[in-house]
Amino acid sequence: MLSPLILVNLKTYREGMGNRAHMIAQAAELVASESGVTIGIAPSYIDLHPLSHHFSIPVYAQHVDGCEPGANTGHITVDAIKSAGAAGSLVNHSERRLSLADIESSIRGLAVHNLISVVCTNNELAGAGAAAMGPDFVAIEPPELIGSGVSVSKANPDIIRRSVAAVHAVNPRVKVLTGAGIQSGECVKIAVDLGTDGVLLASSVVKAKDPGAVLRDLVSKL
Amino acid sequence: MLSPLILVNLKTYREGMGNRAHMIAQAAELVASESGVTIGIAPSYIDLHPLSHHFSIPVYAQHVDGCEPGANTGHITVDAIKSAGAAGSLVNHSERRLSLADIESSIRGLAVHNLISVVCTNNELAGAGAAAMGPDFVAIEPPELIGSGVSVSKANPDIIRRSVAAVHAVNPRVKVLTGAGIQSGECVKIAVDLGTDGVLLASSVVKAKDPGAVLRDLVSKL
Amino acid sequence: MLSPLILVNLKTYREGMGNRAHMIAQAAELVASESGVTIGIAPSYIDLHPLSHHFSIPVYAQHVDGCEPGANTGHITVDAIKSAGAAGSLVNHSERRLSLADIESSIRGLAVHNLISVVCTNNELAGAGAAAMGPDFVAIEPPELIGSGVSVSKANPDIIRRSVAAVHAVNPRVKVLTGAGIQSGECVKIAVDLGTDGVLLASSVVKAKDPGAVLRDLVSKL
Amino acid sequence: MLSPLILVNLKTYREGMGNRAHMIAQAAELVASESGVTIGIAPSYIDLHPLSHHFSIPVYAQHVDGCEPGANTGHITVDAIKSAGAAGSLVNHSERRLSLADIESSIRGLAVHNLISVVCTNNELAGAGAAAMGPDFVAIEPPELIGSGVSVSKANPDIIRRSVAAVHAVNPRVKVLTGAGIQSGECVKIAVDLGTDGVLLASSVVKAKDPGAVLRDLVSKL
């Protein structure tokens, strides 16, 4: 992957379901194609298959259970998201924390099925812990900045530098995403200049009146 | 609802995904139409929309989060399953246990959206606890019989009687399902004769070579 | 129990550990003896045995696991708190939520050992659910008022009335405690007048400069 | 630490509470003193303070919450176990799994208070993940061997070799314990020869008629 990844988490926002999910995916596809930047989208389980079917951008699950197919009522297996066309999955998002054993089995299950794993963590030490298990990406989101409207890249560039260093000290092949408060092309530019491979963001795109305009701004300085 | 409910939980069995899910749903639709018995199916989140779109039988989610739309990455809201065409949802299955507060919010959220709640519990006291929160159904599955191949209706009819009594003492409008080891029309007949409103079952249908034949047997004594 | 119960949860407050825990217990013992009101205290597991050994007031665990003795590393069994001299335990506190099955097994385990169960819940429906499982007390703490400094008995007396009604409709022998924001004798008086059997409170006593003075005020209108 | 660590987890076994806990601690103290091998014991929270007060061997908590003192009802803080005289704590035991963030905060909290962290994991990748967060020890217990009566050191010495390599590749200062099925001095000897720094074990000591004899055998080949 040469270009950074802009990964948009639709969460369960009302503004990120059904028709709105399609509209955001369409905007993402257009901006990705214009800019050459990779833009991914992580919708509800329900929208995984329709979005991956209708659009060329990579579609991610918001969570996956590392368990094998079997007696696991209410779980979502790697098989299931693969059959829905997912390119990968978030793992251990701050709103869906997992045990260490479950993170490890999710990373492994995704790798076995050639899907991309993006493990979310809250600080550089936990990021190093995640990196040691060999995911494709570690996304570091300082909890104090999540949903704060304050961009980590402006508020605390040092935490980004330290995170990249901590992750790469353990495993230099693991890519790093920056999360928490990313809102503009300038935030993305700072994050990438500090050594990360992209950003993970949510409300600033999903809740925007014009998600396409926000996406266009996000890639504008790359 | 005059007829009993036969509710088939596909879990995450390999034999209950994708094409197999469609095949089981088709068989269920046919047997339901022949017999007049209500047969529901609870597939993976991924199969919720296609199955409810293609078949006339009620389709249930295996789990739902009672939270409102919002910042709940990796969760599945009542809104989301409703938009996928679900008739209702299992809640608190033994393989996906929830806190009391989350069970209550799931029951309430389902009711607000006119969806059916089926709360699973492990014994009559927990069943009474669930019933007091006003769900449509309480399903009681003694953990020692789950997946045992031993039918609760034969092994321990008394637990069914006590469960029905415990649930109805708290709230006589709550219907009771029997789970754990149900395999034949005779099991279903006993369960219904003991005062329950149907059965919740999984592997005996899902893993069968011919799910239609098993379903036909299950409704044969009603 | 003729008198109301004032139950003081020490949480893991720095001001409620070690020497401070002893000081608060001593004040509670004194005020209880002066007033004839029952005052209980729920300290850290570490302080359970010393406090129940040194003081005559009832000492509660803040949480108990309903599991039997066995391979349950890091759990706290009913046996363990009984051997430490506990009179009972909080169950399902909002800061330590449990599954329905675990609440049921905790209530049952406490009853088997003649210990008092105080099940915490967040609203009247969940309170009714808890009551149906037959605990000694249900404590209802509206989450929006916890730690708010706003007393439920002043802000929302109706929720207390409805809670008492909901609990007693299911099981009239279950006593009701009021929680969230209780700070003064007036709050306690209102709560008791509305039909509850006492209050569950924490910071207003634990973090007070003079916990004895606060306790004396709490019982002053009874 | 020059000698290996034999760490005995009393779990919540009936045979590891109260008087039995004292008896096992006494035996451990005697065998440790005779042999020069470090023998630690991880009792119930209730027995932490009495055991660390009465015996010279290191006493560990079975679990600790990484949260700060505060509104954390039912949790056990590092402060609390430190005040009880603990030398350290197990973290993330297979019977008490934690999220990655909670493991990280527990390790950090223990380090801040100069207590020893022993993070349990289920395989070498999860072990590497734990090691990257800088605990004192990582204990690797293959789940298929826990409580099996089959010793990992005999059944699968390769997993021990790979675990040591995986942990040390990430952080060579982290020591490795072997768990699961350890029963004899020969098992301990193999484990140490394969590069680990000791063993974590439970039932073979706790449920023994004569725990002292078992302990004496365990250290006999060192």
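Labels A, B, C and D are assigned to the chains in the order they are written; within every chain, residues are numbered from 1.
Please note the rule applied: a residue touches a chain if its C-beta (ideal position, glycine included) is under 8 Å from a C-beta of that chain, and two chains touch if they have at least 3 such contacts.
Because the structure is a prediction, the values reported are computed rather than measured.
K.L.:
In terms of CA centroid distance, which chain is the most far removed from chain B?
P.N.:
Farthest from chain B by mean C-alpha position: D.
K.L.:
Where the centres are mean C-alpha positions, what is the separation of chain B from chain C, in Å?
P.N.:
36
K.L.:
On a C-alpha centroid basis, what's the spacing between chain A and chain C, in Å?
P.N.:
Those two chain centres are 42 Å apart.
K.L.:
Distance-wise, how many Å sit between the C-alpha centres of chain A and chain B, to the nearest whole number?
P.N.:
Computed value for the inter-centroid distance: 34 Å.
K.L.:
Where in chain C do residues touch two or more other chains at once?
P.N.:
Residues 94 of chain C touch two or more partner chains.
K.L.:
Following the definition at the start, I'd like every touching pair of chains, please.
P.N.:
A-B, A-D, B-C, C-D
K.L.:
Which positions of chain B touch chain C when the two form their complex?
P.N.:
92, 94, 97-104, 107-108, 121-123, 125-126, 128-134, 170
K.L.:
Please give the residue numbers of chain A that touch chain B in the complex, ascending.
P.N.:
Per the stated touch rule, the residues are 9, 11-14, 17-18, 42, 44-46, 48-50, 62-63, 67, 69-77, 79-81, 83-84, 90, 93-96, 147, 202-203.
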